[in-house]
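Think of it as A, B, C and D in the order they're written, each chain with its own count starting at 1.
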C-alpha cells in the first residue's frame, strides 16, 4: 500500500500517533533520548551506545560557536532587515557554512574514507599524492589556531575515554604526522577536521557529516540571534560600514569599458 | 578595548583558546555538556538543572520530525537541484518552518506571557477576549491529531517528573479548559503549543522559542537528507507532479484581462 | 486530464515546446519581450502597455541597489564561506529584504488599497486613524533621505509621462499632505513606498508587490557578488569585526543567573 | 577618505542622492534604462549596446520559467508554511537552482572559456579529452527536449540579428558537432548552455553567469507565488504525498544495524 517510489523510513503521523523510525515518538523517544541521541537515531537508524553518544555530543559542542564569524554576522544582519522571520535569519547563517569553513568536516571524512579503502591504508602515500598534486590536506591547519587547535586534543581524549574504535581519528593523526615528515612543517589537526573524523567513526557517511556541523552551528546561531534581539549590532555595523567605505564608482567609464558611439541610444531606450 | 557598540557575550577565539559565554570551550564545555545543554547555555547564559535539561530535551525530541511535511519536501526537492550545497537544502527546509507550522510555538508562548502578566492572570477572561475578537487560541487544535496530540500528554508528564515550576504549561491547561467551557468544543493542546510553553517555563522569552523549534527540525531535516541521498524521492516527485498537473494557461487572454488595443506594440518592443 | 487540484496556468514543458501562460516561449516571448515585460506577464497574465512597461521598469531600477546595506553585506559574507553556491549568497541577501526595508513596499500598497476601498476614499481620515493608533504611515519618511527621497520625484514624473491612471500614487501624495497637515511635520514619500504604489497602480495586489522589490534587489546582489569575487570585503570585514569587538562573556554567572547548588551535576552529565 | 580595503564601486547613498556605478540613480538611470539594462550595467560596469540588450533580454526570458520544477515546488511548499515572509519562499526556490539545473549555465561558459583560451581553440580536441575522461560535455543534451531544445534555435537567431560577435555561441555549435562526429550520437544544445554561452559573449565571466539564471528564475518564482496565493497547491501536495507514501520504518532494527547488548542503556539515559 502506498507508491513504491515514494517511501520513507523516517516519520509518519496518524491521528493517534507519531512514529519516527518505527518507534512511537511519545512513549519510546520523548523522555528516553536526549536531543543529540535523537539526532543520531534519526540519521543512523540505530541507537548510539553511551560511548558513541559522548563522542557525538562532544563533536557537536565543539562546533557550536566560533565567535562573530561571517555566518553569524550574516544571520544578525538578516535579522536587522527581517525580524518577522527568525527562520530566515537562521537560514542565512547556515548558508555561509559552506566549503570554506564547515566544508572541512566533509572533506576530511571523504579523504580519510578514500585512504581507508586502500589495502592496506597508506597515509604516507596518500599525503604524498596530495602534495604532488598541489592540494591541501583537509583537516590540517587553521588560520587562527596556528600551533594547536584547542578542540582537537580534547576531542581525541574524549574519543579515547569513549572506548569505541576510531579508525578515522587514528588515521587523521597518521596523516598529520606524514604531512609533517614530508614537508618539515607541522600543521595542527583542526577542530572541524577532527569532528568530521569523529562522525565518520560513528558510522556516518562523508556526504552527511556536514549536516551535523550545521546542526551544531544552529545552536550557536540561536544564541547570537537572542543576543541580537536585546543587544543589537546589525544596524550599527551597517552604518559603520557605510561610513568607513571608500566609494570607487566613477562617472567616466572605467578603463576597459567599451566606449559608446555618439548616436548610441542604449542609455535611453525609453527616454 | 574594543568598540562599545560592537560587543558580544557569546564567543571569542584566540590562537590558544575558544571561549563561549566566558567558559573555555575545550576544557569546560566539551565532554561536560550534552549538545542540548550547550544549546540551552548558549542562549540562556546559565547552565540548566537536570530537571530543566530533561524537559528541554523532551521538547526538542517532540518537534524533531513530523513526517513528509512541506518543509521536508522543500528540503529534499532542493537537494535534487543543488546537491553541491547541503546547507542550501537545510536552509530551504527551515524557511518553510514559519508562521503556519512552527510559529505556533512562539504564538503560544507570547499569548501565555501576556495572560501571566495580568494581576492576577485570568485564563477565562483572556480566552473570552480572543473569541470575541474572532481569533484562534494559539496552541489549541491540530489538523491531524484532532482528539489528542500524543506529544502533549507525554510532555506534561515529563514536566511533572522534572520537578520544576511550570506556570506556562499550567496556564495552557487552564486556557484549554476555559476554551472548552466557553465554546462547548474540546480542542486538544497541540505539541507545538506545549513545547512553546515548556521553553517559556525554562526562562526563554517568546521571541526566541521558535529558534528551538528550528533546532529540533534541523535534526529531522538531516535525517531526511541522508535518506534522500540513498533513496531519493525529489526527482520522482517532480516528474509525478508534472505528469499529473492540469495546465490551465490559455492563448486567449483570461477573463478579467485588460483587452489590448489593436495597435498595441507592447508584445514586440524589440520585434 | 490531470488532477483538478494540481493545476497551474504558468508553465508547461513538452519535448517539443515550452509554454508560458499559454504562449510559446521560443517564438512568442523570446526576442519579443524585454525581461521586465516577461516578469510583468508572468505575474499579471497580461501584456503591459508601453506606458505600463516604462513605469514598471523605473520602479525596478529605483530599488535595484542602495549601497552596502545589511542585505548586501549578508550576501557578501555568505560568499566568503560558501563560494561553491552562488544561489546561497543570493538567497542570503534576499532573506534580509524583509519587513524593515522592503516590507514598506507591501505595507504602502496595503494601506492605500484599504483607503481606496472607502466610499469615497478619505486620506485625511485614514491618516488621523493611524496617528490616533500610534502607528507610522507606511511610505513616509526615510532615515537617510530626510528631506526628499530622490527616487520619488523621478518616479512620479515618469508615471505622469506614462499616461496611465495612477490612483495609488495620487493617493499617496494626498496621504503625505494629510500627514503634514495633521502633524505639522513634513515627511517625504520614500522610494520604497512610491514603488509599492506604482506597482499597485499597474494592477498588482499588495501581497505580491514585495516580490518585485526582491527581483530588483536580485540584480543589485549579482553586481555586488561579482565585485566580491574580484575585490572581496567579506573576509576582511569579519577579521575587522573580530578585532574591534568587545567581549563581555564572563566566567562568573551574570546577575540574574540561577546559582547552581553544590551537588549539581548538570555541567558534567557524562563527565 | 574611507578604508582602503572596504571599497565598492557599486552603490552609495547620501541624504540628497543615490549613486550607482558613478551615475545618479534618479536622473541618469531611472526612466532611461530598462531593468535588464540596469542589471547588465550593475554587473558589467558599462552600458550595453542595443544588440547586446536584445541578446541579454532573450537569454533572461528563456530561463524565466520551466513549469513546476523542483525549485518552484520548493518555493510554493515554503509559502504554505511561512506566508509571512515572501522573501523566504523566493530564497527557497533559488536554493534549488544549483549544479543540477542552472549550474549548466556556468559549466558551459567555463568549458568554452577554457577551449577559447587555447591557441588556436580546438573544439574537437577538447571534446575528445572530455569523452576520454568520461565526463559529459556541458550544454549538450536535455532530459525532456531530447531532439531539440526550442530555446536554443531561437537564441541563436536573435544573436545573429543582434550583430555582435559571439565566439562562445559559435564554439558551442562546433562543440556539438564535434561531439556528434566523435560519438555518432547527436545531442541538442540545451537552453541553459546556450544562455550561458550568450552571457559569456556579452563579456561576463563564467563565475557570475549563474547569477543571471537566478535573476531570470526569480521572475518565474514571483509568478508562481502569486498563483499559489490565489490557487494554492502546496497544502494539497503535502497531504497527497502523505497519503500516497509507503512507510518503511520498522520497530526491529534494520539489517546492518549494530545489535544493542542487553544491558545497553542508550535508549533511556534519562528514563
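Keep in mind that, in the parts below, contacts are C-beta pairs under 8 Å (C-beta built on N, C-alpha and C of every residue); 3 or more make two chains touch, one makes a residue touch a chain.
Just so you know, these numbers come straight off a predicted model, no measurement behind them.
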{"item": "Of all other chains, the one whose Cα centre sits farthest from subunit D", "value": "B"}
{"item": "Equivalent interface positions on subunit C and subunit D, same or different at half", "value": "same"}
{"item": "Inter-centroid spacing, subunit C versus subunit B (mean Cα positions, whole Å)", "value": "24"}
{"item": "Cα-centroid distance, subunit C relative to subunit D, in whole angstrom", "value": "22"}
{"item": "Centre distance in Å when subunit A and subunit C are each reduced to the mean of their C-alpha atoms", "value": "30"}
{"item": "Where subunit B touches two or more other chains, by residue", "value": "6-13, 20, 31, 33-34, 54, 57, 67-68, 82, 84-85, 87-88, 91-92, 95-98, 102, 237, 241-242, 245, 270"}
{"item": "Footprint of subunit B on subunit D - complex, ascending", "value": "54, 57, 67-71, 73-75, 77-78, 80-85, 88-89, 91-92, 95-103, 234-235, 237-238, 241-242, 245, 270"}
{"item": "Partner subunit B, residues of subunit A touching it in the complex", "value": "5-18, 20, 24-27, 29-31, 33-36, 38-39, 42-43, 54, 56-58, 60-62, 64-68, 85-88, 90-92, 94-98, 102, 106, 144-148, 150-151, 153-155, 157-158, 161, 205, 207-208, 210-212, 214-216, 218-227, 229, 231, 233, 236-237, 240"}
{"item": "Subunit A contact footprint on subunit D (complex, rising order)", "value": "1-4, 6-13, 19-23, 28, 31-34, 37, 45-50, 52-53, 82, 84-85, 87-88, 91, 241-242, 244-254, 257-258, 260, 264-271"}
